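Pasting the structures here.
Each of the two complexes below includes chain A, the first together with chain B, the second together with chain C.
Let's turn to the complex of A and B:
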């Protein structure tokens, strides 16, 4: 008499229950990790909306911090001003860097070094940019020596020529933010230029265009959408920066249109309000967060969605 | 203007052909070239165009190189300014700066050491990495290997959205939502569970209370604003970057290996483990990059960590980080040696962030070249 054997079910390879259980549990745990990340996102955004929406009123956008219905008009304008100055300085330098890396850089140690420098610059703690700009532009050059001292001296001469009396100014804040923007924009520009097909360049060269003509008339127009996306994301990133602004733009309760003066920003005002015990000021911090995050998220999400399909125009 | 153009036109038209010896920018070899065909009779372009083109060529090269020089100058400037500012402190304090945990900026009593801040940075970073790396790997595995197509995109997008939230908003949420909840729930439970467990005796320093290992971690009781809170807020902040890179690396796992593993009878988890092992260098690089982010993060940590100058082995004690001390004290540094010591801290922070970043890049570049 033979023992009855269990036939293997069709398409069923795992007889042992233990590996299957482990696999099942691992799947559950990985899904749980993703769920935790999403729950954190919704907790932060949800709480911010819940606390901030009650203070969202027209007066928030039209009044100043010391007026009776409190508002943050000056901070919104100041953030835009700082981001504008930062892009004015940071975008050209970053784009030129990206153009060099994508088009002109030879293969070799020097280019590797430049790439590494960009990566290191992108990973430098942002507060250090604030410290450096503070040392050059804000603090009076007293115990400075060497060429750094001369730089500081000259920056103060230029500043007094520009009419900046106080060391803290929108220009200093914008410069600190610009230094943060440079590596981000350089890497995006390089990536986008590299994605343009070689055939386009060859066709352009075949028609008699020189390298620079090809670059400005063929390559950059095709990569325009991607480069603009990168610039927008960099602006969104620096609009959320706080730490470097403490030592450079410093903040202001008045309305500021002239970057020669101390310039307020949403992020800094959020920090200042969060350190106070006054519930009105704390509520104001939540509302400011809501406005800032809406600005940043809507901006970057819109840019991402608009250019998700084709970053590079191939036809 | 017209005169300039006339002269330029003559120059462009009349000069004999010059062969330019130069370095080819593509292959780094010395070569002979005539970048713009000037006097060629076959040229279909007008002299104006030829002039414009030669100017454009030179201008583009020159400008792009000057952009790179400016970028390199920024890093040089950061180093020079920090070194210049820290010079006095380096001379007066020297290496003792890294072995001293005292920070006493009272004029006349000046005692400066970076150890307490470095300890805060290290503890928060380690907590963040211990929590964020498994979470991120789980997220990345979910996105690449579990979620159906319609779900993977949105989940990936939402996790990346975490990176777009400004750090001061994390700080605000951490200080007013996370810290109180942490104090009344998580830390209270941890404290109740651990305070009486004394396994390994540590801390034989003279004049100090004797401490024991698990109990010392919760010494002082739940406070809410402490190293643990700093580590937790950092966890959320570095999650998106580690997830994004791990996801990209896991997508490089070859289809043949996956099919081969399944063909040999491996379960889903065994195949995933194979993928994780295959991509281990990239995942390690992602973790190191997350570590670099955690070291440099300022605002969110400053708002939840409590900002005290003491060093305690307890996770429930307040502390400071190297980046955070600038928000608290930099503008109050009123005498030269104080300011110089602050710059010394900045230099330490820069070098630690720089080394971590270079390590991460070396690891990640090794992946992309394979």
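Let's turn to the complex of A and C:
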């Protein structure tokens, strides 16, 4: 009886050559693509920093556009105000919508339809949301024909009742941004909740927890990190929106704390100033871009740090 | 011959001897005859059109360990999950017949399923601690069942962890993540969690199948210990385990109950040839 021969060290080198070539080429292609993407990103960011940093004086944060030296204090506050209103409306609605889809919606074509609609809305050019809010909140209804007319009429009645201006306002801008947030947050929330393993739900149910208790005490806490990331992405996204604000918040050169007034924003100001003939104004646009990107960056980092600390404490 | 077949392995045989020493099977059975914790009558379970359990009637004796054995897919888990109505969570699952726990028909209208599940704990095949701290895992059932007060909860958590034989290993890191524990420790944590609210019945679905022999032994002695105060139903694929821990054994085949009786009898002198063939490893 012969023992099976053990492979000799040389035996391992008798590979066919092409699998190694394929994997080598794949590796090169992937690395090259990653390198191109990174280089582009850093070129854009670097160009922005280079162009914007010269205008970055203290007065940028303390002065208004028509003062000398110019500043954009009102735009920074306006962006925060608009993103804040949008979050207050969009985050709870989006989350509840996602929770409904993941946990309560019946299986079937109707739910599938809602999901598809949300996906389409998440990919819709955002100017549409601006136009819609413009129709229902900003323009005075001229005629009351058709459902848009009725919607507009009712919206104006509700606005008057709530003490919200009919016309360009921070509320209208915030609502437009909130509408952009809802589909993004709803779909990420749903996906994150679906990723929570069935074993956790069964463990909780098996201990006598109701569906609601399981949801709020086990499922949502497990999905929390992912949901928060989704919300942050949505907020960062709307902080950079320009087009829908033209129809809704419009803009303002004055300091605005009251969302009943036309509300300025960094993005809208960037657009306006970058169209200018005055190189000084164009430089201001770059500085505003730099500030906006930094704000989003600082905000994301802060939320991440805050939630990470929370997680260590509770675990 | 059968004897040799069920305990050919020397260490296993030794474990058998030590584990059954403290629980005289025959005596316990005689004493508690007539006190049924679970009574199943004409149970039929359907998954959609597929009938998974055929007309099963059996009873589980109070404060004893009952093992469910049988080949994969024969419906052991399905029956076990009827005892705390976990099957309610499965779409298209339909249950017919009656299941009584301590005399109350749990499928009757108006049954409080949350209360039922509180009193009928369940341990799953794969350890499934929540991604929370060790303390929070055991505190969870207490909290949802209305236990309030830090001190009260801490005390009950300690008691459950002690009962589950985990206290000494985790007392210094109660606030570490439960996921940092080993598989066997996680499973004991799940047992501690299940017994925290003092259930009358504990359902265990292959609780050791993901564990190594040493962790398995720990859990088996834990089952022996717990059975003094709790009725335990355990699904197992391990014949030796059934012999070691169970007073009663029920053998299922293709959704039918073939035979049930004292473990000794089931393994050494069963009435059905199918049972004999299964416990001696001739099919399954």
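Here is the rule we go by: the second predicted complex is superposed on the first by the 252 of 315 C-alpha atoms of A that agree within 3 Å, B and C clash if a C-alpha of one lies under 4 Å from a C-alpha of the other, contacts with A are read in each partner's own complex, and residues count from 1 in each chain.
The criterion applied here is as follows: a residue touches a chain if its C-beta (ideal position, glycine included) is under 8 Å from a C-beta of that chain, and two chains touch if they have at least 3 such contacts.
This is a predicted model, so every value here is computed, not measured.
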Which superposed partner A:49 touches (first chain B, second chain C, both, neither): neither
Contacts of A:64 with chain B and chain C, given as first, second, both or neither: neither
Which superposed partner A:228 touches (first chain B, second chain C, both, neither): neither
In the superposition, chain B vs chain C on chain A residues touched: B
Chain B versus chain C as contact partner of A:146, first or second or both or neither: first
Chain B versus chain C as contact partner of A:136, first or second or both or neither: first
Touched partner set for A:213, first chain B, second chain C, both or neither: both
Contacts of A:183 with chain B and chain C, given as first, second, both or neither: first
First (chain B), second (chain C), both or neither touched by A:289: first
Chain B/chain C common contact set on chain A: 208, 210, 213
Chain C-facing residues of chain A, complex: 197, 199-210, 213, 217-218, 221-222, 314-315
Chain B residues within the chain A interface of the complex: 23, 25-28, 35-36, 44-45, 53-54, 56-57, 59-61, 63-68, 70-72, 74-75, 77-78, 80-82, 84-85, 88, 134-139, 141-143, 145-147, 155, 157-159, 161-162, 164-173, 175-177, 236, 239, 243, 265, 267-270, 272, 289, 292-293, 295-299, 303, 323, 326-327, 330-331, 336, 343, 346, 349-350, 353-354, 356-358, 360-361
Contacting residues of chain A [partner chain B, same complex]: 13-14, 19-20, 22-23, 26-27, 29-34, 36-38, 40-41, 43-45, 47-48, 92-97, 99-101, 103-108, 114, 116-121, 123-132, 134-136, 143-149, 151, 179, 182-183, 186, 208, 210-213, 215-216, 236-237, 239-243, 246-247, 267, 270-271, 274, 282, 285-286, 289, 292-293, 296-297, 300-301, 304
Residue ranges of chain C in contact with chain A within the complex: 84, 86, 89, 114-118, 121-122, 124, 126, 128-133, 136, 140-141, 143-145, 175-177, 190, 193-194, 197
